[in-house]
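Heads up, the next two complexes both have subunit A, just with different partners, subunit B and then subunit C.
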Partner chain A sequence: MSVMTSTTSFAPELRQRRRPSGFAYIAPALLLIALFFIVPIASLLLRSVLEPTPGLSNYAELFGSWTYVRIFANTFLVSALVTLLSVIIGFPVAWLLAIIPNRWGSVLFAIILLSMWTNLLARTYAWMVLLQRTGVINKTLINLGLIDQPLVMVNNLTGVTIGMTYIMLPFIILPLRGVIKDIEPGILQAAALCGATKWQCLWGVLIPLALPGIASGALMVFVMSLGYFVTPALLGGTANMMVAEMIAQFVQSLVNWGMGGAAALVLLVVTLLLYAIQLRLFGVGRIGQEGQ
Partner chain B sequence: MTVPFLQIRGIRKEYGAVTAVDDVTLNVEKGEFLTFLGPSGSGKSTTLYILAGFENPTSGDILLEGKTLLQTPSHKRNIGMVFQRYTLFPHLSVGENIAFPLRVRRLPKAEIDEKVRRMLKLVRLEGYEDRMPAKMSGGQQQRVALARALAYDPPVLLMDEPLSALDKKLREEIQYEIRRIHQETSVTILYVTHDQEEALRLSDRIAVFSRGVIDQTGTGPELYANPATRFVAQFIGDSDFLKGVVAATSGGLADIHLGDETVVTGVPVHGKATAGGNAAVMLRPERINLSRTAGTDRAGIAATVNDITFLGNNTHVATVTSANEALSVRLPFGDTAINGLTTGEKVWITWDPATTHAFCD
Partner chain C sequence: MRKSFIMAAAAAAIAFTAPAFATEMVFTSWGGTTQDAQKAAWADKFTAETKINVLQDGPTDYGKIKAMVESGNVNWDVVDVEGDYAVQAGNKGMLEKLDFKVIDKSKLDPRFVTDYSVGSFYYSFIIGFNADAVGAEGPKTWADLFDTTKFPGKRTFYKWSAPGVIEAALLADGVTPDKLYPLDLDRAFKKLDTIKKDIIWWSGGAQSQQLLASAEAPYGMFWNGRLTALKATGVNVGESWEQNITAADALVVPKSAKNRDLAMKFIALATSAQGQADMATATGYAPVNTQSGQLMDAALRKTLPDQQGASQVNADMRYWAEHRDEIGERWYAWQAK
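And now, the complex of A and B:
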C-alpha cells in the first residue's frame, strides 16, 4: 500500500521531466500533420475569396441562389435524419453488444466490423439492388399486400437516407458500446431495486449516463454525413443533390475552385460550430463520468 | 405459531458446474440485524442477489411474511440495497438520488421533499442536497446510498460489503452510524461481510458461510463460545488446533490424548467422535494459562517459547509444542508469568477443558 502511494506521488514529477524530450520526438510529426491539414484548408479558403475575382462574390452567390440553398437544406435534412436514425437504431444494438455474453457479443461485433470493412461501393450498390423498383424490398411488400405500387426508394433522398444510415451505424455503435460497457452494472441494479421499471431505468438512468457517448457519436455521424459523397451520388437523384456532389461538380465539371472552396468552407464552419457546442455541453474527456 | 418474517428455504444456486449456494435455510425476525459472514466465494453475495431478485435460485424459496418473493421482479420487491461499489446515479445530485425511488413511485413533490430532508438528517448529511456524488468521499457516498435505500421504507435492507472500499477508521465510524440507523428505523438488515470484527460489532446474529452452506447461525458470543464446526472456530476469534486421538466419549464430551503425555478430559466434542479416531482440539490464545514450572498432572502440555510480542493491553507469546504445533498464548498486561520470559524457554500450558472444543471429521 505504501509503495503504491509513493509511486503515485512521484509520477507527476517524472512526467514533467520527460515532457521536453517527448515533445522533441513528436515535433516533426506535428509539423507534418499541420502541413497536411492546414495547407489544403488554407488554400481552399484563399481560392474561395480570390477566384475568379477577390471578394466575397462566391459566398454571395452561394447564399443568394435558391438552388444552392436548397442543396444545403437537403444536406442538413438528410444528415439530421441519418443521425437520428443511427442513434435510434444504434443505441439498442450498442446496448445489446455491451450486455450479451462474450461469445454472442463477438459474433455480433464481427458482423458489424465485417460490414464496415466491405468495400463501400459494393455495399452501396447492394442497397441499390435492394431498394430499386423491382428489388427484394418492393417485391416482398407487394407480395404481402402491404402496397400496390412499388415504392420509389432510389434516386431520391429516401434512398440516400437509408443507404447512409447503414454506412454510419458502426460509427455510433462502436463508441456507444464502450460508454455503455463502462457503466457500473450495480447502478442499474440499484435503480431496479429503487422501484424503477425497465422503461424508467432506460430513460432515467441508462440514457442520461450514455448521453456523452450518444452526443459524440451523433456529432461524428452528422459531420461525416454533411460531406458524404458516394452514397448520395449513387442512391440520390439529380434533382436532389447534396453538398458533396455540388462541390464535385464545381471542381470537376465546371472547374470553379472558388465556388467549391466556398461550399466546403461553409461545411467546415458548421462543423466547428457544432463541435464547439458539444464541447460546451459535455466537455473534453468527460465521457462515461463515474461515481467516484 | 406466527410465521417468521423472512424465510430462506433450501436455496441453491448453480452456475453451470459451479455451486455458488448449496443449501441455505434461515429464518430472520422482523427488525433483526443479521450478518452473513464468510470467506470470499462462500456464496454470501449470491444469496443476497437472490433476495434482491437479480438472480433466480436453482431451487428453494424465499418468503416474506409468508408469501413467496420469487415471482416478484426486483423493482416490485420493495427491498433496499447498498452495494459494495458506489452505485449512486452520477448524473443526479444527492437530493435527486434520494428522491429517485420516490419519483418513480410518483409521490407528490411536497412529500418527496420532506422525505429527502428526513433521510439526509438520518444519515447526517444535511446541507449536501445539491452536491454531485463525484464530489463526495466514499464514506459520504455510501451514506447517501443508505439514505436512498431507506427512503421508501423497505421491509428489508440488504447490504453487500458496503464498507469494504473504505479505510479502517472511516469504516468503524460508519459502522456505528449503521448501528444507530438500525436502532432508529428498526428496519430488518441482512448484511454481508468477510470481516469478523465488523460482523461482531454490528449484528444481532451472524450466519457463518462456508462453501455455499451456513455452518452455524447464532449471536457473536454463542459462536465464539460454542462453535459448531472447526471452520466457525477458526473464523470467529483466534484459535489454534492441536492434533489428538479420542480415548473415550460419553454424552458429547470426550477424553482426548495429545501426544503421549497429555490427556484432557471432558472436552465438548463435535462431529463423529469414536474412540481411537482423530480429533482437533481448539484452544483460544486468551483462554489458556502459561506457567514456567511444569505441572505434575497430565492435563497440560509442554511448549517452547518462540516469540514474545508486547501489544499494549496484552502480550502475545508464540510457542511451539513438542509435536511441533504452533500454539499462541495471549496474556493480559500485568500477568506475572511474563516477567523475565525469554525465547527458547520451556513453558507449561494448561486450560479449562470445558472452555475448549474438539472437532472430529
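And now, the complex of A and C:
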C-alpha cells in the first residue's frame, strides 16, 4: 500500500514548489541525482560526439544503417504492442479493484504486488519454461490433441510481448485503479437511468473519465518498455533485438562507447518528447496520480 | 554539523583508498560451474598459502574494465577474458604487462602466451546432441550440423561474436582447416543464412546446457566442458570431436589494478602444473601447462581437448584480435537482420 500513499501525496507537494523553503528539503535528492545520474549520463552522451573522432559520425552510422533503424523500429513496435495489451488487460482489472469490497480488493492487490516483488530474472525464466517448444503449455496442448506441432512462442516477438506485458501490467493497473476509484459512482447510475446501454456507459462515460489514468499508465508502460533489457534479451531472438540490448552490446562487448552513447541519447530524446506530449495533454498534476 | 559530516566522509574516503597492507584481492570470471572450479582450484589454494582473501566477482564485462581503467579506480585484479580480447586490450594499453619473473611461462603452451596474458584454460567447441531426443546417430561433422534435411529442427550456437561459429560455418561449407584464415566472412554468413531460422542462440554456458537437456535445441555447438558437466548430471549426451575448434580464455590484469603484485602471484599459482591439473579435472577443459597431464587421472586425461589433436582446428587469436571490431559489427548486424 505504500506505493499508493507516496504517489497520492506527490501532486499536492508539486503545487507548493514555489515556496522557497521547500527547496532545501529536496536538495539532497537533487544532489544525489545530479552526482550519480546526470553526470555519468552526460559523460556517456558526450562520448557520442567525441569518440572515436569529434563530430556526428556515430549518429550518421546509427541512422545510416538499416540494421540500427530496424532495431529502433522494432523497439517501438514491441513497446506499442505491450502498451496496447497492458491497457486492454489492465483496465478490467483496475476497474474490478476499484469497485469490489476492500477485503477482496486487498487480496487481489497483494497478488499483483507480490508478482512485482518477485525477482525479475526468475519470472522471465519461468516464462521461458512455460513457453518453450518442450514447455508446459505446448505439452499440454499436444496431449489434449489441440495441436500437432509445438507453437513457437519464445525466441521471437510473441515471447517478448507476452513476457513484457506480464511485467508491465502492475504499472498500468495501479494508477488506473486510483483514477477509476475517484469517479463518482452516481455518474454511471445517472447515465443508466437516462437510458444509456452498458456499452454506452462504458465508452461514453467511464472510459472518457478514466482517460487521464489510462494515458499516464500507458505512457509509463511505453517508456519503461522502450528501455527494457532483461526480458527481450531472454525471451526474444536476435532478430527482435531492442535498443537497450544493442546499447549493452556496444558498451560491454564491442567496447564502442561512442555508438552506445549515441543510441542512448536517441532513446532519451524520444522518451523526453513523449513525456512532454503527456504534460501538454494532461498536465503535471495527473502524472502518476492515484487520486485524492 | 556540516563539518562533522565532511570529516566523516573524508575519513571514509581515506579508509577506502588506503593501499597499504592488502588482505584481499578480486578475481573476476564468467560465473557458473567454470568460476566455481576456478575458485576451488586456484582461489581457495591461494588463500590457504598467502592468507589473502580472494573475492569472486563477475561476470566479466569489457565495458567495466574500460570504465575502471579510464577512471583510475580499478577494482578487479585478475580477470578471465576471451583470448582475442586479451590480445586486443593489451595492444590498446588496457592491461598490465605480466611479470614473468613471478609467472613461469617456460612450461606454458606458447599458443596462449602474450606479454599481457597467459592462458586460463583451453577449450574446444564441439558438436553435442541429446541422444534421448535424436537417437545415438547424431550429427558428426559441422556439415551435418548445418544440414537441416538430415537433421531437422532447432540447433543452438554461441550468440556472441567470438572465435568459433564463423569457423564452423566455413568448415561446414568445405573450407579446409589450413585455408580458414583470413576468414571469408561473406562465405561464412552465406552459409549461416541457410540455417539462420533454425538457430537458437545461447548466451552463456548454463543456457546451452538447458537448451540441450530440454531438447529445446536437440543439437548444437558447445563448450566441451559444459557437455562433460551435463553428462555428469545424467543427461544422455552424444558428442562429436570431429574438427573441434579450440580457443583459450586468458588471465589478465587490468592497467593500474590495485593489487598488481598479488595478481601476478595469483596467476603464477593458477597457471602452475598443479593449478591447471586441478582446474582441468574439475571442468573437462584442458590445461595450458604442459606439465599438468602427468598430475591427472589417466582416463580423465584422455577426454580432454588437448588429446583430440588429430582432427583439431585452432582458432587464430591473433587474427581475431586484429579484426575483432570489424567482425563484431558485421556479426551483430547480421544477427539482427
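Just so it is clear, the second predicted complex is superposed on the first by the 254 of 292 C-alpha atoms of A that agree within 3 Å, B and C clash if a C-alpha of one lies under 4 Å from a C-alpha of the other, contacts with A are read in each partner's own complex, and residues count from 1 in each chain.
Here, a residue touches a chain if its C-beta (ideal position, glycine included) is under 8 Å from a C-beta of that chain, and two chains touch if they have at least 3 such contacts.
This is a predicted model, so every value here is computed, not measured.
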Self-check item: Clash or fit (per the criteria above) of subunit B with subunit C on subunit A
Solution: fit
Quiz item: With the two structures laid over each other on chain A, which partner does A:L235 touch: subunit B (first), subunit C (second), both, or neither?
Solution: neither
Quiz item: A:Q249 contacts which: subunit B (first), subunit C (second), both, neither?
Solution: second
Quiz item: Once the shared chain is lined up, is A:V205 touching subunit B (first), subunit C (second), both, or neither of them?
Solution: first
Practice problem: Go through the superposed model and pick first if A:L226 touches only subunit B, second if only subunit C, both, or neither. | Solution: neither
Quiz item: Touching A:A190 in the superposition: subunit B (first), subunit C (second), both, neither?
Solution: first
Practice problem: State whether A:T134 touches subunit B only (first), subunit C only (second), both chains, or neither. | Solution: second
Self-check item: First (subunit B), second (subunit C), both or neither touched by A:L85
Solution: neither
Practice problem: Once the two complexes are aligned on their shared chain, state how close subunit B comes to subunit C by Cα atoms, in whole Å. | Solution: 46
Quiz prompt | Residues of subunit C touching subunit A in the complex | solution = 61-64, 66, 154, 159-161, 200-201, 203, 214-216, 325, 328-329, 332-333, 335-337
Self-check item: Partner subunit A, residues of subunit B touching it in the complex
Solution: 52-54, 73-81, 83-91, 100-101, 104-105, 133-134, 138, 141, 145, 148-149, 152
Quiz item: Which bits of subunit A are touching subunit B when the two form their complex?
Solution: 184, 186-187, 189-197, 200, 204-205, 208-209, 211, 289-292
Practice problem: Using the touch rule from the top, collect the residues of subunit A that touch subunit C in their complex. | Solution: 65, 67, 70-71, 132-134, 155, 233, 237-239, 241, 246, 249, 251-257
